[in-house]
Each structure stands twice: as C-alpha cells, then as structure tokens.
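The structure under discussion appears below in the form of structure tokens.
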Amino acid sequence: MKVGIVGAGMVGSSAGYALAVMGLASSVVLVDQNHDLAVAQAEDIAHAVPFLSSTIVEAADYVGLAGASVIILAAGVSQKPGESRLALLERNAAVFKDVVGNVLAVAPDAILLIASNPVDIMTQITQRISGLPANRVIGSGTILDTARFRSLLGRHLGISPQSVHSYVLGEHGDSEVLAWSNAKVGSLSLADIAAQVGSPITEHVRATIDDGVRNAAYKIIKGKGATYYGIGAGLARIIKAIARDQHDVLTVSCVTPEIVGVKDVALSIPRVVGAQGIETDLMPDLVSAERDGLEKSARLLKNSVESIRL
Amino acid sequence: MKVGIVGAGMVGSSAGYALAVMGLASSVVLVDQNHDLAVAQAEDIAHAVPFLSSTIVEAADYVGLAGASVIILAAGVSQKPGESRLALLERNAAVFKDVVGNVLAVAPDAILLIASNPVDIMTQITQRISGLPANRVIGSGTILDTARFRSLLGRHLGISPQSVHSYVLGEHGDSEVLAWSNAKVGSLSLADIAAQVGSPITEHVRATIDDGVRNAAYKIIKGKGATYYGIGAGLARIIKAIARDQHDVLTVSCVTPEIVGVKDVALSIPRVVGAQGIETDLMPDLVSAERDGLEKSARLLKNSVESIRL
Amino acid sequence: MKVGIVGAGMVGSSAGYALAVMGLASSVVLVDQNHDLAVAQAEDIAHAVPFLSSTIVEAADYVGLAGASVIILAAGVSQKPGESRLALLERNAAVFKDVVGNVLAVAPDAILLIASNPVDIMTQITQRISGLPANRVIGSGTILDTARFRSLLGRHLGISPQSVHSYVLGEHGDSEVLAWSNAKVGSLSLADIAAQVGSPITEHVRATIDDGVRNAAYKIIKGKGATYYGIGAGLARIIKAIARDQHDVLTVSCVTPEIVGVKDVALSIPRVVGAQGIETDLMPDLVSAERDGLEKSARLLKNSVESIRL
Amino acid sequence: MKVGIVGAGMVGSSAGYALAVMGLASSVVLVDQNHDLAVAQAEDIAHAVPFLSSTIVEAADYVGLAGASVIILAAGVSQKPGESRLALLERNAAVFKDVVGNVLAVAPDAILLIASNPVDIMTQITQRISGLPANRVIGSGTILDTARFRSLLGRHLGISPQSVHSYVLGEHGDSEVLAWSNAKVGSLSLADIAAQVGSPITEHVRATIDDGVRNAAYKIIKGKGATYYGIGAGLARIIKAIARDQHDVLTVSCVTPEIVGVKDVALSIPRVVGAQGIETDLMPDLVSAERDGLEKSARLLKNSVESIRL
C-alpha cells in the first residue's frame, strides 16, 4: 500500500519512520512546501530501510501522491505573536484548503488521515472542504490519550496494556473525558480486577492517572519542545488497521451525525476501522457525569468549528 | 530463550514450527522416545528457518533440555481398543511420571507447559508429580476455545477478534462454560454493540456460536483426524507472553486453590501470564447459570483427578 | 493479498499455516477435492489466527479463488503399486489439466506457484497447459535445497545463514548441482573466509555438506513419512517476495528459453521475484564441472518432460 | 534484553523509538545530563508502545543502567565557534571519560555501542578509557554507508538491497572506501549481473553512486540540520544481532590489532556480530587502489587518535 504524508516536520516524519521500520507500507511519499526538508526526511528514513523492510521512501510534489490509499495531513502554520486562536485556525484552514485541493486532484479515492492540531476541528474542516464521505476523513483524535490511559492502568495493575480496555472520549484536548465507568481488564470490570490483584483504584490513583493522561503532552513539550514519536506510531497504528482491513476498534475523530444530542461534530469515540476507513461507530454506555462531560466537549468543538469562516 | 518440546508428534511439531517461523525462541529442542521422529521434525522445521528468523532447531535427548526456560509436554499414549478412560489416564500418568522426572533432572527451573489431553487432568497430575509451585505448571486449557469464541463473535459483528473479549471457562472439554454474560467489544457491552451494528445476539446466533466453539475440534478431527495448527499457535502465544514478560491475560489451566467452592483443581479462568509463569488469577463475575456450569465442570475434573492412582 | 491453495494436504496446509501465522496474506482460501479435508485444514489454521494476525482462512470451491493474486498448486496423486514413474507423471498431468483449467476460469490473472513433485516437470507442464507467460508459472524448485546449503555452511562457519550466499541449481532432485565455486560470505569468497575463521572447507566438510543437502529430504521421510514444514515456509517466502514486490533473488524453477545450451526447460537458477512473478534470471558463472552437471540436469529434465503426453 | 542509551538527543531517541516500535528490547532506559530531556523522550517513545509491542521505556540516572546488556553512547558536546577539531575531540574525550566511568560502575558486563562522531575515534577512545576487550566496544562505523551503497546499487539494478552485498570500509567519513571490486548480487559478480539485467556499471553510474554514498549525510543536514532516523535504525539493527545472537556480518568499527599494515586502530570492515559482541573479523580481498585507500584511511584515523591527550 502507498501512503502519502503532507507535511514533513517531526510528526509526519516520525509516522513515515514507523511505517518504514515496520514495513507497513510498500511506498511512503513525503510532500512539503519546503522541498529540501521533504527530501532530507525521505533520505534519512530511506537509510533506515535496508536493515529492516522493503518500503520505498521518497520526496515528491503533490503529483507523486497519485495512487496513495491513505494520505496523512500533518501540515500547518504556527501561531504568530499576538495572534488569536481563531485567527490561527483560519490561517490553518486556508492552508488545508490548498492542501486538500492539491491532494484530491491526484488521489481522489484516498482516505485522509488528519494529524494537525486542533485535530478535531481540522478533521471537520477537512471533511467540509473535501466533500468526502465522513468515514474517509479520520482524525488521530484521542488515539494517544487512550493508549496513555491504558498504559497507566496497566502499570498500576501489573497487567499488559494490551489486555486493558478503556477509552478517552471527545476532544483531543482539555475537555476530553476519561470513560472510567466502562474500563475493563480483558472482559472483566476494572474495579473487580483491581481489588483482586490488590491494587484498588482509589481516588488518589484515579487522580494521578487522570493527570498523567491529560498532562502527558505538556510534560513532553516542557522537556523537548514538541511531541512526535507517540503520535507517529499512533498514525502508523491507524494505517495498519486500514492496510490489513482489520476492523479494529480505535478511538479516532470523525464527523458524527449526532452524539449525546450534539449534531454534526467531529470528536473521538470508539470506531471500527478497516480498509474503507471508519466502518461503524460504537457509542459507549456512560454514567451521567461522563455523558455531561462528553456533551460539554462536543458543544465546545461545535462552537469552535462554527466560528471559522472557510 | 530456549524452549524444549517433549513429544514430537503433530502438536509438538506445529508449536515448534510456529515458534521458529515467528522467531519467538532463540533455540527449540525436540525430544521424543522415537528419536528418528524428533530428528525428522527438527530437520523439517529447521529448513523453514533460513527464510524467516534465526531460531536454532534441534533434536536431542533429555539432557539437551538443560537451560530451557519453558518446556512443552506434548507426549502421551493412545487409547487401546477396549481400554477404559481411567485405564488410559493411568497409563498416561505413568508416562508423565517418567517424562517429568527426566525433564526436572536437567531443567529444574523451567516452566512446564502441558498440551497433552485431557489437558486439565494432565496439568494437575504434572503439578503433583513435579512438586513445582502451581504457577509454573500451565495447561493450554481453553486458550483455543476462547480464541474460537472471539473469532465467531468477531465474524458475526464484522469486528476484529482482537477487539472482542470473552472467555471460555472450566474444563477444556464438554463441560466448558462460555461466559456470555461478561463478553465485551473493546470495553463495551456485547449486547449494546451487537444492537448498534445491527447484528443482535439472538438465541439462534448464540446457539450457533456455542456449537461452533464446542464442536470445532470434532469438525476438524472428522476431516483430518486430529487438530494441531491451532493448538500449536496457542502454545506459541503462551510462550510469547512468557518470553517477553508481557503480563497478558490468557485463559489457561492451572491448579487453583479454590474456585466456585471447589478446592485444589486445575481448570481455565483468565490468568495473567509473564516471565514467572502465572502471576495472578482473574476471577470473572458470572451470572448464576454460568457459575453453576463452572462449578459442575470443576467438580467433574476434581472427581476425575482423584480417581487416578499415581 | 488473497492467496489460493489447491490441495489441502500437509504441504498446502503448512504453507497456509505459515502465511496466517506471519500475516503475509489478508485471505487464504483452501480448495481440495476432499472438501471435508479443506474445511478441516482451514478451521485448524483459522484457530491459530486470533493470537497472531488478521488473516481470513476459509475452505471453498474453485469459485472461491476469484481475486487471488497467487495460487499454490499442491495437488497430485500418489504412485500405485507397480506403476511406472512415467505413468504416474501422466496421471498427475491429467490432474493438473483439470486443476489449471478450473483455476484460470476464475482467476485468469493469478501467478501460479507449483509445489507438487517432480516440481520442475510439473512447472513445465503447468506452463504448457495454462498458456501463461513463463514468468507467471513458478515452481518452488531448489528454494529449500539452497536454504539447506546455506544453513549447513553457516553452521560450519559460525555465521548467520542469512549472511551466506550460495545456490543449488538445476533439478530439485538427484541431479541438482551445488554451486560451490561462487559461494560467498557477505560479498567475500567462501574459501577466504573459511580460512580466516579457522574452519576451512576440506574435502570431508564439502562431502558432508553435499550429502546433508542432497539427503535432507530422505532423512525426514525416513523419520516422519513426508516433508512439509520446510517447503511450507519456502512457499510463504516466495509469496512474501511477490506480495511486497521485493525483487528478491530466489532459486526457483521456471521455463527458461535456454540454459547451458538446453532450450525450453524448467529448472532452478537464481531469479529476481517481485509483484509480477519472475522479473529477471541471473545466470551464475560456473566452473566446468558445475556447468557440465547443470547441463546434464537440464537434459534429464528436458527428456522427461518430452516423454509425457498431455 | 535491557538496552541503555546515554544521550537522549535525536540520535539516541531515534534508536530508542526503533527498538520500541519493533519490540527488540524488553526495556529501554534513557540517561541524559538534561534529565527533563530524557524524561520527555522516554515518555514520547513510551506512548508509541501500547500499539505495537511491550517494551518498557524509562528515563533514569546512571544507576538505572544496571543489568543492561548493551549501552548506546550517543552523548557529546558541539563545536564552539573558533574551536579546533582537536580541541573539540579532547572535550568530547573528557565527556566520555565521565560517561564510561559512570556506565561501567553499574553495568560492568555491558557491550558498549558508540554512536557519537567522529565515531571511529570515539570508539578507540572508549576502548582505552574502559579497558574492555575490543570486541565489546563497537562503533556504528560505516553500517549506514554500507546500507546506502546497497540501496543505490539495488535501485540501479531493480533488485532488493537485501540481495546486494557490498561494503564501505575504513573511516566513517571522507576517507572511507567503497569496495566495488568485491560487490555481489546474491553470490554473483556485480559486473556480470549488471550486464545481464541491462544496467551496466558505467563510470558515470559508479561516480553517481559513489557521490550518493559519500554525500548522503550532507544532503540531509542541508535539509533538516542533522541525521538521526537512519543511524537510529542502524543502531537497532546492531542490537538485533546481539539480542538474538545472530552471528550477522555487519560493517562496524572496532579497535583492530592490525589492518593493511596499520596497527591498533578502530575502523570498519565486515565483522560477525552476536551475543558476545564482535566474534570475528572478515578481511575482504581488495584491489590495490582499494587497499591503498583503506591504508590511507587507517593511517589518518591512527594519527588523529594518537594526537589526543586523554
């Protein structure tokens, strides 16, 4: 499978590196308005390949994206001093208008995978601009927050994160909701198992994990200025589900007709992902505080997106 | 990690093949009282390796098992015409007495992984003979029944079996219990999700899946005389959890101090498996019919094992 | 990628098991005139999948092969008491006439991968029957003999078989030629390296390795009646080169316009294998004894194939 | 296997990311004098894990390296304006004196893997400082130059880089020698194969590939300021050979008693790498221009290293 990446900064290149190292794509094409950067990233990643897989990694113009099954959109501009959040969003929307037009001109059948922040809003904007069916415009959403939630629970319990199942819902950002009420170990209730293994979920444990999930990115940004390895691997994980048509349950963002009473908004809930993109949504059963939190998160996103002029 | 396999028939060799093809062990040693068979299986598997991994595969006497971290016991005798089930069990117990003695003489620190049927009874016998702590004597139990349960649920829902979580409990055999009441898709209730995706779990669906899980082996035995690929991969899966210290939740058999009121019996429930063998048991919450079924299964196994003279 | 397997015996099913365990195919379809056998093998392999990959494994009629990119032909009849080798070949040719017709009716664009013995002759017959371009009819040839050659050299030198490069040429059978003269370790001369590491290739070493390569199958057949794991993994290795378009150098059989003076004969030399099947032949430089051996092997195959009435 | 990484910049963290994504280490520990950076890199990489493997990734002080089997040294200081190359080297040597002392105090049995540039000189300095046997102090050397050489040859021929065998010898730097005379495709002569596939190695092709290998890093540095993905994967590749005791042939740097007449100098030739570090050196047969080039490269390194006061 051919994968395109528009935006060859650290997030885009970390995703390309993960795809190449694991051999998940037969071909990876990097596009960036700074062509020298795209070439440098492609060459650096290509040097990793002979040891490990047979992925072909190249830099190209948009026309090189022809035939790509999935295209990661990791482009975007940075905030100028004194610029409002809304003004920044509108500038980013303008960038995406160009990018999406260029992409669809050569790869009209590709699935678009949005990695630029604020990811939920950029996902919704991309869906509008592109006119594609919503299930083919996927935002990385809370895939990383969910992974982090499971890691911290797994570490607390002494159980593999891959045997822990729990979700972070809503916005990838401050209003996100940790769905504690339906967390499971295997198919079993988290509370029961935590008690059985002698590591109960006290208020303190819960607050620590909640903080760990919400503030993971801030801690990383403090130490190194940006996050990219985690999200790079998360994007590779979504692409694996598509490439192998796995019908995996992942928490990704997508424009959803109606969610806890809010209509037409992009946010994350568990969704089944396969070769066609998003195949089904799986709405979790929530306790009322979680439901309220999710509704608040959805309204906040909805308001943001409506304030933007495209 | 070095893995020993005692019994080079189809089950033992299929496990060795899976381990070699996936590179899960650095060394696999096959032992069989028919040494020509062990040599032939080791050579045939060794030919698969240069394409795919760097596992060393060899046939040896018991002394070749020295240094093995895990030893699969897949030996056993077949039923003679007119022989009672109990007489067969006693003959197999005698075989295991020899095998376990020989194994522990050279590899006293190995984890023993029992694949011979009836697996729960052979697990309990092995634990007694060996005097090892129960967590180091693991039976493959219902690992395959559980895999089958998830596959059939996944196929019904159009969702990856790896996102479906449900367990088959108790005996690996006719008295086993499908724990429908706590089946989940991701962390979500099976019934909810089945309704959401438009594939409800009707009585008919339930009966069909139940039959598919229980009678899978019979269908295979009818067509090819024996089952081995599935169980071979299942054994490789358990070894992966041990080799990489993954703390995975797997339904495996092990002598358990007390289960639904029955004391000191080997059967399958979800258990956490890592480098030390079984690290914790996870007792699921069951509805009363399931609990009754599990108790019946446990008593049946307990009575069988008590009837055997060692 | 969808892979079909016609002939669900031990060779076909071992290939299917390797493909599923490694996740090299998205779908594997088994066809056998004994449909119960195909169903049993498919079910047994399918049980291995939930642990390890997302390959779908099913039994089907020929129509189920529609859409397959590669189809393994592992069917065939066994020798009857008193039957001549030629009579057996003609019966097998008749079986293949049916099989190939049925296969091409539903999958006219598939690459055919021949595993039935005598593999070079069956490859040539299949190419004739099918009328396909020669590069799309590939016999497993000496892929396993070559692997064995490298393993034994690697073991002698204490160097990974994956860093040893040497080929077995000609017939997959008694007339095969070990190309000692151009064997290399990395890019370096075998003789030089063997001297440097203090393990020279004496006449005795050479004879032992030669014997080990030629008689590996006999040793396995003596101990277990048939060989299947090695060839199963070898077939999976060829399919990996096709599925990922790797342009790998493999010694496989194919009808070749001219080889050491013999025209239009199927045998093994190193060939580049990718998504289109065989892309190029790489004729090694040989010393005269090797060249003579290869010519003899080619003539023997050519005579055999010409004696068969189709 | 536990792997330590001292120096949590882009090279060290890219290696850690590759190790985690591929599950090659059970544990990765990052140490940096900027502890916040080590924590940030460890967290960012740890977020990649739940999708893909079960590697534990953590930041720690030196004491956290206890039990590591391999420790990557990727630390170092940058050139100050006006600073001579020699002065820089002496400052880096001083840094390594500290680092190696701290490392060996807690992990006296580890293999040291040097990634800091100039890698050959830092490898020789580390061996001296540490007093370890030379085979346990390995520099990444020309592993990447060799990979690049194979990639470019493979691309020219339309053949997998994994079937092309050729080496870059000597210094990882301007004096390095591309060993064209013994380049092979499989076990076959490059010139023969290039002619057979209709892509001969003309003077122009040779000059282009030579330039591509030598100037790859400059091109990347021009576009993105530094190289890290390629070397990160190269380090992971060396660790794979050690972790799985593969006895692979890799071009890595190591203090060598005598090479083309130069005594006691660290540079790259093909060497066999396994669980004990470097197991054997494989000296290629060279034409006289290559031999002269290698001698020049060796003398240059030898002179550099002798000018440094430790």
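Going in written order, the chains are labelled A, B, C and D, and every chain counts its residues from 1.
Going forward, contacts are C-beta pairs under 8 Å (C-beta built on N, C-alpha and C of every residue); 3 or more make two chains touch, one makes a residue touch a chain.
Just so we're clear, the structure is a prediction, and the values are computed from it rather than from any experiment.
Any chain that touches subunit C and also touches subunit D is listed here: A, B.
By number of C-beta pairs in contact, A-D leads over the other of A-B and A-D. Remark: rotation between subunit B and subunit D after Cα superposition is 180° (nearest 5).
The centroid of the Cα atoms in subunit A and the matching centroid in subunit C are 43 Å apart. Centroids built from CA atoms put subunit B at 37 Å from subunit A. The mean-CA centres of subunit A and subunit D are about 34 angstrom from one another, to the nearest whole unit. Looking at subunit C, one finds that residues 54, 154, 160, 162, 246 touch two or more other chains.
Within the complex, the subunit D residues that touch subunit B are 23, 26, 54, 244-246. Residues 154, 158-160, 162-163, 165-167, 179, 182-189, 192-193, 196-197, 246-249, 270, 272, 279-285 of subunit D are the ones touching subunit C in the complex. On the side of subunit D, the complex with subunit A involves touching residues 13-14, 17-18, 21-22, 34, 36-41, 43-52, 54, 144, 147-148, 150-151, 154, 160-162, 216, 219-224, 227-234, 236-237.
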